[in-house]
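Both complexes shown next keep chain A, but they swap its partner, so chain B is in the first and chain C is in the second.
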Partner chain A sequence: MSFSYLVRRLLLSIPTILIVTVIVFVLVRLVPGDVVDLIIGTQKFLSEEQILKMYEDFGLDKPIFVQYFIWMKSMLSGNLGISLRTGEDVATMLLQRLPVTLELAFLSIFVSIIIGIPLGIISARKKNTFVDNLIKVVGLVGLSSPAFWIGTIFIVIFSFYFESFTIFGYVAFFENPMKNLQVFLLPSFTLGLMIAAQILRITRTSMIESLSMDYVKVAYSKGLGKNKVIYKHAFRNALSPIITVTGIQLGYLFGGSIVIENMFALPGLGRLLLQSVNQRDYPVIQAIILFIVIVIIILNLLIDFIYTIIDPRITLG
Partner chain B sequence: MVRRLNKKAIVGLSIFFFFVVIAFFAPFLAPYDPNEFVGIPYSRPTSEHILGLDRMGRDILSQLIYGTRLSLIVGLTTGTLMTTISLLIGMTAGYFGGLVDRILSTIIDVFMVIPGLPLMIVIASYIRFRGVVPIILVISFTSWAPGARVIRAQTLTMRNREFILASKITGEKSRRIIFSEIMPNMLSLISSNFFVACLTAIVGEASLEFLGFGDVSAITWGTMLYWAQNSSALLNNSWGWVLAPGIAIATLGASFALLNFSIDELTNPKLRGV
Partner chain C sequence: MKRFLKNFIKNPLNMINLIIICALIFVSFFPSVIAPYNPLEMDSRSILEPPSFTHFFGTDQFGRDVFSRSIYGIQNSMIIALSSMIISALLGTLLGILSGYYGGWIDQVISRIIDAFFAFPSLVLALFIVALFGSSTFNLIIAIGIVYIPIFARTLRGATISIKELTFVKASKVVGKNNFKIMWTVVFPNVSSIFIVTFTTNFSTAILTEASLGFLGLGVPPPEPTLGGLVGQGTNFIIAAPWLTLLPGLLIAVIVLSINILGDGLRDVLDPKFQK
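Here is the complex of A and B:
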């Protein structure tokens, strides 16, 4: 990938990011019930002036487009603002929560790949046998059940049969690695299974496709072993669509993590987002969504780059 | 026609019609009124109440049966609306090209990168009016982009085919070309899109309602799970309350997934079974 290509792609994504900021900015402000209403709540003793002062302090008294430009200006200078509820620096809040979400994302993708790809290959090799049908049914369940429901079932099973197992209560990795992995086991399997179902399906489809190609027959007739043909020839050519689907799933992962982090009480970005939405904490909502969008754009770019590694015929430029 | 349907389509359609029948005849099938107090709360399953009772002593089986109605309506309406948005935007962008395509493609890109569920939650939490209509609108509004992208690509490849060029030369109006010439040629793509949309809608509805963004007094599978979670159903050993709605969601979702796969097999013969 040439450097100029990289720069061009990044420049092209700027309008997308700008539109996203406008949509998010306007949406969180459009509908009634703002942060000041929520802070006042049932306390009726604040005077009119005090309320106006509050709007002024939050910068919410200005027209919406002025607010937008003030926000953009501070964003561009690297200042994400402060939380309207706690007064904390938004950047610090994000950095605190980020490791939790990243660990969850990483482990879920890991789980989904080690389950999805091998099962997909087995399913393709044993096409239309009992094993294949069994795998397909498992995949179908993963595709069509809501993640939170699968999570509930996991919680029940583990709290019944493994009483010493820690399900809730986040522990940082560097504090106690074993405990940390224990806490992450169920959430990452819950999220991972959902994604595994998608990876499984595309792996099966694209392996069936590539196993029927002429070069596979040629490889067999050269006398190559079965495993070599399947993994070196067929699988390598089946990889592109698998990577595409995995990449799309990475995007969904952030959405899914909101539900899962809430279920398992993990203090990550998703949980913070839901809290901020409920508290109308505009700067935090805006920062988190913008962050997710930028991560997704960068991931898309990375995936395009990976294509060129696994398939030398593809060039970017 | 029946002979051309493959096994997946038959299973998928059977499940789907099974739920349609349940939804339609709910008042006759349900043993009790789903809102009526009929016994001790959190009762275990008995022969009178196969799935037990909920925290307010209501029959869970009856709720499940009545819940089919709204869950099915939301799924199908959202699927239809989402597919319509994808179709209109995708075909317009693909057919007209140029500046129109530029603008619409940028909008599609924007909605592709904004993660769906967070956006749904942000919008849903700001809507004061709770009910199924906001849920239908929120899911359709946030999830149409992937479909639109595929349909745009397909329209692009069709735009310069001879039969389209011929229609253009004979002076057909653009609207007629799009809807009577291009659209019928994409039926398999459109229906596969529709089934994916319905699946997204069923799971999306359940997730939003589970998080408490629906009308918690309505009876749907999602709100059943919301109440089950919030009344610690499992600590009270009310297994049926948690398992049944989830299984119903997964089964209906699976029927849409199967219908989608069956179309894949029609268009890609290599995937067909023996």
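Here is the complex of A and C:
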């Protein structure tokens, strides 16, 4: 693994993050009406002076790029602003909701891997047979079905046939682990199935490719058992594209969690985001979006590093 | 081209699918021919009725015919998805070819900006834009249009880089064609198969993005029907009237599935990576 690559990759992500902050900053400022207008709202009795004072307090009288630097400075010091609706500290709100989203993300990825990878391997081993075609169709259907539709199907089935099953009503893991996992079961399957379809497709393609390689034939001719060849040789070599796709899905996961959290009433970041959108609570919206995007950039960076560990062929010079 | 058609027709799945797509296009242009009722007409005598021969998809809480609403919903969803895809295809392709063809600092600047937009999950960016500027058909088109620019730009940039060193591109330079002419008349036709595949595969995800926004209540404002919106509003009656969510949802799945199959079929015949 070349050290210079890691450094270059790290350095390249800095402008990306900076541009992301500019995009978010500019988009929020493009909204007709500013913070002062929002706060004044119906209170039209404020005098001209008081309003000017508010502009000064918020730094809105300064040129836009100065405003950007002030904003960045406070963001970097962990001050994400205050909710326009509740007056709560936005950073605290984020930290409160984060565990729910993380648990959902973790469980969904887990579901998608345990479903997607085995099916993909079976499909590749039985290429062009009935089983393969069946799995391919299942994958394509999974890819095409909106998550919220799969979710409603689950809700309908479970509320009609498993009446004792708790679908809604979030409980923290440390309060009641069993109940917590039960509440997360349907949401993580709903989200996990969508990602499983993607993982399945890429696993199939890259396993077919690696099973046709010479080293697989060599391994067989050495007399190694079928499973050993498939899992130790072929699968290991097929792993990098699978990890790439799983990495790309992390972004999808955050998007999907907005839908799923709202559908299953899970109090995570996605639900907070939609609430804030409906209440036009810009500081919260802005903070959640920035947080999600920066997390994704960092995760992608980590995935790049993981590559070099699992696949020593890549020097990424 | 002949070989392409032959390969495409050989697979019966592609033909069945083509029929569904044609039906979809027809419905999008002439919803009034298919829809038995006015999608906005309320009827207090038939509220939350289950599917029947008079109401294929049942009725909603205002007695509106859900099948007719779904048909008009298809039209709205298709208009939004197609218009936004045209925006992202135009801008994305332009940026991608420019940055791939010129390289150097132009490529650096464009690529960094594209990277930044690419870091946003599509639904998150679309939701952000709609949240800031309000949900109207126009804003939805712009929002989803912006979201898919990076995908076109990245794919077309890669394709351009891979062909720009080839002899025929260099030859057109030697002949003295100007750069814009080369990009338009030499580069673009040679990356057009990749363009078509990118367009189709992302068209289906654009439909899903629009549907998800509709589901979250950020789509075209009511009473105008959209497929995602129908599912979202139906969830309030999920136990009393599950058909309100399940049937329009099924319709979304079928539409996206058939576009995905079309995309896969096109990719198999057009994308050199998938040809033997």
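To be clear about the criterion, the second predicted complex is superposed on the first by the 263 of 317 C-alpha atoms of A that agree within 3 Å, B and C clash if a C-alpha of one lies under 4 Å from a C-alpha of the other, contacts with A are read in each partner's own complex, and residues count from 1 in each chain.
In the analysis below, a contact is a pair of C-beta atoms (placed from the backbone, for glycine too) under 8 Å apart; a residue touches a chain by one contact, two chains touch by 3 or more.
Everything numeric here is computed off the predicted structure, so don't read it as measured data.
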| item | value |
| --- | --- |
| Joint occupancy of chain A by chain B and chain C, clash or fit | clash |
| Touched partner set for A:289, first chain B, second chain C, both or neither | both |
| Chain B versus chain C as contact partner of A:11, first or second or both or neither | neither |
| Touched partner set for A:76, first chain B, second chain C, both or neither | neither |
| Which superposed partner A:277 touches (first chain B, second chain C, both, neither) | both |
| Contacts of A:251 with chain B and chain C, given as first, second, both or neither | both |
| Partner chain in contact with A:262 - chain B first, chain C second, else both or neither | both |
| Partner chain in contact with A:144 - chain B first, chain C second, else both or neither | both |
| First, second, both or neither for A:28, with chain B first and chain C second | both |
| Chain B and chain C footprints on chain A, overlapping residues | 15-16, 19-20, 23-24, 27-28, 30-31, 140-141, 143-149, 152-153, 155-156, 251-252, 254-256, 258-259, 262, 273-274, 277-278, 285, 289, 292-293, 296-297, 300 |
| In the complex with chain A, residue positions of chain C that touch it | 112-113, 115-117, 119-124, 127-129, 131-133, 204, 208, 211-212, 215-218, 228, 231-232, 234-235, 238-239, 242, 245-246, 249-250, 252-253, 256-257, 260-261, 264 |
| Of chain A, residues touching chain C in the complex | 12, 15-17, 19-20, 23-24, 27-28, 30-31, 140-141, 143-149, 152-153, 155-156, 159, 251-256, 258-259, 262-263, 273-274, 277-278, 280, 282, 285, 289, 292-293, 296-297, 300 |
| Sites on chain A touched by chain B in the complex | 15-16, 19-20, 23-24, 27-28, 30-33, 127-128, 140-141, 143-149, 152-153, 155-156, 205, 208-209, 212, 251-252, 254-256, 258-259, 262, 270, 273-274, 277-278, 285, 288-289, 292-293, 296-297, 300 |
| Partner chain A, residues of chain B touching it in the complex | 106-107, 109-110, 113-119, 121-123, 125-128, 199, 202-203, 206-207, 210-211, 225, 229, 234, 242-243, 246, 249-254, 256-258, 264, 268, 270-271, 273-274 |
